[in-house]
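Chain naming follows the written order as A, B and C, and within any one chain the residues start at number 1.
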């Protein structure tokens, strides 16, 4: 469904992603893992069109996304929850959700979408008239995901959804991601919490210095001695 | 040196200050919205106001159109003109990290418009003089000039309209969101250029309202716009950027400040007082006085 | 090798400019007057260039320092303060640079320590207006809005203006050149690129910013002094108008800010355009200035110099 071929991405004079090819099958969970600064977020930003300096090809259902601005990419059915959530903290929870359904296709069903978001995250319903900035970290992450789901995307790209959450909430978050996936949403997940990410991923890519170092099924990589040594053994000794 | 005015004069000063200040307030709302979403200090706002004052002057002199009727037309022209300015001049620059480019384009536009107006209408001061120009209401002995009162009422309507627009419409909510984080806005499928051009349209539409008000109550010349935009910025500094009602209130406070200081310490010095207040606020409260939430990315 | 060649070429160019009044009839020729303006533009653009181009502080208050320079000259002359002759007197001209420089240092400390980016630009705009109000309201000392009249009977030829202008333009350009090549210049550029990291590297940010602001005011003041004795009538509308800030900005951005040759190219280009406009479309040159600023910022924000080189640090 999403196909990336030989992608190079630049930040000014610096190249952040080198010749990356990957594909995301419909209905799957794909994880991009790797250390800080490996180019994971840059890759997502390139797909969603925020970063325009790129070479190579990005295809979504056969159509090229390479030259499209972010707003058109959203309309095609790709939703991106950026790193750090990026909520509008002076807008209410309700307004944040409503904006999520801005594109014409989803605007028609905004009422149902908001109901669905409240079903998924009951806590948001109780706080619908509060400003997003007043929410707790976990609630903010839920709102960010709920907002991104408002456009009824086919692919949801999540950048570090577990960042800054308590271990309890991290668990809830990953359950939620799997839950969304069961509702036919394809997931492209960027995580530093490698252990958790690999556990739920159908397919995973390990990024190192902007290049793909390894790829395989999530469970396979999880038990791969090299991955264990490089990422899990040292930092995530037992999670 | 300091005269103690009697109560009537004092009340008169307050009323004049408030009524004149709403005009600054309207101009400041436009500046505030544009700065809020694009971080552009639109220095040409004052020249736009004067331009619309001339347009309303022309409508009146050439077509005999009453300024309060041509107001509707001028607001429409302003909306279109604003969107045009954005697409023609600021579209590329608004996305640039270097905000000096937009600042300098605004400076160039101000310069261009000012001097074009001088060529068209000469530098002589103009004003619209209708049958009701000197009409003054006197409730309880306090003189309220009709045109100033109208200006005040129109300003209140305009402010309410902008507030409702920002609160109730999809694109209005997007404008408020864009003031916080434009990138996140585009990630929701919203075209940033649409948001920006709407903001410019509103800003210039408001300039149209301020221009008509100005033309009915005050003699203006092409170079008055620069002073006007400075005043609007002072109002903004007082009221706080990104706060529509605050900008109006800032304008009113500035109007009061000017009206009182020109009475107590003399005409020309009141400008120095305003600029002094401006500098002090910039230095000690760069977000403006009214902003309560202390938040910085 | 290449360096020597450049020095010789520059010297020849300056010499060529210096002999122009001998070749053409300086009192009748429009060329001499145009070149005099060209030199004035160089001085004020290099001043703005140092503050904005090299230090990154967009000042919209240069006209205040230009005006202060002109007024200083007039006040010294009319009140017979230095008793040194006044007309093209180096002491008077020097003082007319030093007074704005001192005032710039005094107002620069609060402005530059508290305001950044466009807030600084707006702050300097407010400062310029306050200074203007002070002169308009200065009563008999400043002559209020009518201003001050200098004894114009001393005028005999434009030649001294021309040569003084040329000298000051060379001086300003050389001064900026030497500053930006020195350690001070490195510090200024570091501040422009990233203030926080400059401070982290032990650069006293405020000190350097105030220094640049003050030198900019010094040069603007010198130019104001020269222009003041050319006008003989100094009033707020002539020497304190915003044009004296906008023109240098225009010339710098057209030529290329933050380069030595950019302001020279820009000044040459603009003074040519203005001269042509003055002859063929009277009154239109401010209009053209506005259009030019917009076009340049839209299509080549790095200026003319940006056409030839990709990046300048």
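Assume a contact is a pair of C-beta atoms (placed from the backbone, for glycine too) under 8 Å apart; a residue touches a chain by one contact, two chains touch by 3 or more.
Because the structure is a prediction, the values reported are computed rather than measured.
Asks: Taking the mean of all protein CA atoms as the centre, name the chain whose own CA mean is closest to it.
Replies: Looking at where each chain's C-alpha mean falls, the closest to the middle is B.
Asks: Count the C-beta contact pairs for A-B and for B-C, then tell me which is higher.
Replies: Between the two chain pairs, B-C has more contacting C-beta pairs.
Asks: Just give me the whole-number Å value for how far the CA centre of chain A lies from that of chain C.
Replies: Chain A and chain C have C-alpha centres separated by 53 Å.
Asks: Suppose each chain is reduced to the average of its Cα coordinates; what separation in Å results between chain A and chain B?
Replies: Averaging C-alpha atoms per chain gives centres 43 Å apart.
Asks: Between chain B and chain C, what is the gap in Å from one C-alpha centre to the other?
Replies: Roughly 32 Å separates the two chain centres.
Asks: State the interface residues of chain B toward chain A in the complex, per the touch definition above.
Replies: Where chain B meets chain A, its residues are 170, 173-174, 176-177, 180-181, 183-192, 293, 295.
Asks: Touching residues of chain C toward chain B in the complex: what are they?
Replies: Interface residues on chain C, with respect to chain B: 52, 58, 110-111, 114-115, 117-119, 121-123, 125-127, 129-130, 133-134, 136-137, 242, 246, 249-250, 253, 283-284, 286-287, 289-294, 297-298, 301.
Asks: For chain B, which residues are in contact with chain C within the complex?
Replies: 39, 41, 89, 92-93, 96, 98-101, 103-105, 107-116, 118-119, 226, 230, 233-234, 266, 268-269, 271-272, 275-276, 278-279, 282-284, 286
Asks: Flag every residue of chain A that touches chain B in the complex, lowest number first.
Replies: 48-50, 69-71, 74-75, 79-80, 82, 86-91, 95-96, 98-100, 102-103, 107, 133, 147-148, 151
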